[in-house]
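So that you can tell them apart, the chains are marked A, B, C and D in the order they are listed, and the count of residues begins at 1 in each.
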Amino acid sequence: MLEQLKQEVYEANMQLPKLDLVNFTWGNVSGIDREQGLFVIKPSGVDYEKLQPADLVVVDLNGEVVEGKLNPSSDTPTHVILYNQFSKIGGIVHTHSPWAVAFAAAQMDIPALNTTHADTFYTAIPAARPLTAAEIEADYEGNTGQAIVETFAQRGLDYEATPAALVSQHGPFTWGKTAAQAVYNAKVLEIVAQEDYHSLQLTSANLALPKYLRDKHYYRKHGKNAYYGQSND
Amino acid sequence: MLEQLKQEVYEANMQLPKLDLVNFTWGNVSGIDREQGLFVIKPSGVDYEKLQPADLVVVDLNGEVVEGKLNPSSDTPTHVILYNQFSKIGGIVHTHSPWAVAFAAAQMDIPALNTTHADTFYTAIPAARPLTAAEIEADYEGNTGQAIVETFAQRGLDYEATPAALVSQHGPFTWGKTAAQAVYNAKVLEIVAQEDYHSLQLTSANLALPKYLRDKHYYRKHGKNAYYGQSND
Amino acid sequence: MLEQLKQEVYEANMQLPKLDLVNFTWGNVSGIDREQGLFVIKPSGVDYEKLQPADLVVVDLNGEVVEGKLNPSSDTPTHVILYNQFSKIGGIVHTHSPWAVAFAAAQMDIPALNTTHADTFYTAIPAARPLTAAEIEADYEGNTGQAIVETFAQRGLDYEATPAALVSQHGPFTWGKTAAQAVYNAKVLEIVAQEDYHSLQLTSANLALPKYLRDKHYYRKHGKNAYYGQSND
Amino acid sequence: MLEQLKQEVYEANMQLPKLDLVNFTWGNVSGIDREQGLFVIKPSGVDYEKLQPADLVVVDLNGEVVEGKLNPSSDTPTHVILYNQFSKIGGIVHTHSPWAVAFAAAQMDIPALNTTHADTFYTAIPAARPLTAAEIEADYEGNTGQAIVETFAQRGLDYEATPAALVSQHGPFTWGKTAAQAVYNAKVLEIVAQEDYHSLQLTSANLALPKYLRDKHYYRKHGKNAYYGQSND
């Protein structure tokens, strides 16, 4: 069932340790088959060294396990919300990458201060508000997803152009057209978090990129007029 | 004598360099057989590259060497105190991991600012007070253990829920049900120390996690209602 | 065509990941044949793991592709300006190395605070001003090169003695007599950016090296009286 | 000539890249035969990947080359001064390790803030004053050594108990009974520089270790009452 997608999601999961984005089992990648309305996700708490494609769990958009012997990631309800609300995304990544966590714990956006950022993320990466005690008790992982969706709605952000969010006090979620692209976005987010941290320590000047520079870099790599690389993506 | 425990403690010691927790010989792991009241500990000043299971030293709960050709770790009296006072722990780790040392030298707790922390440590990791000159002269390593125990008593902390302490001016001790778990806790402590350092530089806001979020994450992974991973731990 | 130069530029490009100067495809090296007025540059968006010497693109000093099946780096117009204006350079490197990016985003020079810096760069590494919206729209990559050239002219800097610049909000460009030397300069720049960042956090004292010390170190390694190494370079 | 010493010094030099203490050729180790009054030092500007024991240069205590086809390290006059003035040392190391350079550029001592420091260095590691223009012009490398010696004299420091100094604006020198011990000291210095940097950012409190704690840790590892390791060193 969904063997090709399982292989893709497996390979995307295995990129997390290779790209230094996870310690231990602290990360997960999923990918969705939109036609069938089913997604494939890493099982909970399984070491990357032992993970096999057949261990991946198939889940439907109600969060019900459709296939798999293992428990799916404890973050599965967050993935369910994001797949339902962000209808064009094909893959989701959650990590505890340390520079992103530093911003998430500080409850601060990762600002758009350099073109490395704007090449991938059109705006600052928003930090969703902390959850309330009631939200945590009622449906922690689901409400984590709702807080991300709420943040994008309130700020008028385009989830395709800014494919990432911080969950305050917790860490980053990224997404993309595919699981592999979501992993790429997770790495870029970690890199720009590190760079931004240092820029913010060097000066208290307002360093936010102007819109015209964000436009230039973002659209240099995305959309029909893109001219970076060997073809439009 | 205690061959299986020696193997476990040997393997736990060898995890320290693999997890980037030690330079040179600056770290040690021990594990205890509670029935026999004997623990196994790394010999003092032996390179990890040369360490063999047979080099480990067996020590009783009075700190007397029961078996072994080599001197036990110079920190052995600290381990003795912790095993006597914290009766449910099965393994202890001491390292000079650099982010934890930075907090220890600053005589600051590692605060609970993110869920990575709360997944493993229920509260801030306390920095025990510096020892007095008299305590250092009388029984330095033993009083190091006493200062940790005193800190947990004074603050009303549960050593099972917060399996780590900083020794001011020195570095971290962690513990767990097994030597392997104590090593895991040593790595988590180093990771959150690094993350917390950066969060504290980003903002002077009070970032301490509320109790309801610490409850959620800690009990998501521990105790009878845990639902992270493939079974309750 | 230019097979030897392609090999040199290929090898210089492959040094970027080896020296931890690039993530993904975010960097490019070119080298020029001054007699023919042609330079060789990395193709745009090609993974370093897949790059082959034959993939390199030959470009003339008007920016026209003379040979090559792939698109040249999107930064090619910047290389064109630098080769035209800095007539003695033989190679150019652009990276997004993270410490240099932190200074570039902060729109700050990398100051000359230590002799590691002065051994390679005679002065502070200047941060060129940000481009205007009009400059970005008209010819982004070309105007990036013009801003670097303008900065050297306005400050009276010698591009041979200070073979590097930061593009504000973006990242570093370095150059040298050869592509290999430009890569060396890119690594030195990243190292001193990291060191300077930490020195600037340690103290607010004015730490700028006096001219006589910059003279000593720079000319110890460069010019006819150099005495570092096994021969004058 | 001095074949065994050459081998020892060669191996000590090769530890520098292995311990992440050098980039490129930016470091050198020497070792002395006190009976013959000759020391062996790395040649100037030779890549570590290509260095062979036979490349090492033999120099006398007047700084004259006694044997060797290559130029000795440009820092040789500094080594000459230190061997002449610090009569009990057997090996010297110079690096540009980045955390030590950050303190050297800041012209700040590396303070004694933790027991990792006191295990190896009995006091803070002093930053020698910057050289004057006249000193640089007259005998740069020799006066670098003189500034270190002057600093130890003025502060009443014991060069055996504090086997390291920073040269302001430049970087660290360390020494020891052997070349290998000097390399060990160079690594410890880099580690504590990193730790101290972070402690100093965490708090502005005075964190200097009290003398009784420095005594405890230093003499736990050194001298006739040492009890760390398997025998007194």
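Quick note on the criterion: a residue touches a chain if its C-beta (ideal position, glycine included) is under 8 Å from a C-beta of that chain, and two chains touch if they have at least 3 such contacts.
Please read all numbers here as calculations on a predicted model, not as lab measurements.
Listed here as common contacts of subunit A and subunit B: no chain. Look at the contact of subunit C with subunit D and you find different residues on each copy: under half of the numbers used there are shared. Each chain gets one centre point, the mean of its Cα atoms, and the points for subunit B and subunit C are 47 Å apart. For the pair subunit B and subunit D, the distance between mean C-alpha positions equals 33 Å.
Residue positions 201 of subunit A are each in touch with at least two other chains. In terms of which chains touch, the assembly is arranged as a closed ring, every chain touching its two neighbours and no others. Every pair of chains meeting the touch criterion is listed here: A-B, A-C, B-D, C-D.
Against subunit B, the residues of subunit A that register as touching in their complex are 23-26, 43-46, 70-71, 74, 96, 98-99, 101-108, 130-131, 133, 136-137, 140, 169-171, 197, 200-201.
Per the touch definition, subunit C reaches subunit D in the complex via residues 113-116, 184, 187, 191, 194-196, 198-199, 201-203, 205, 207, 209-210, 212-213, 216, 220, 227-230.
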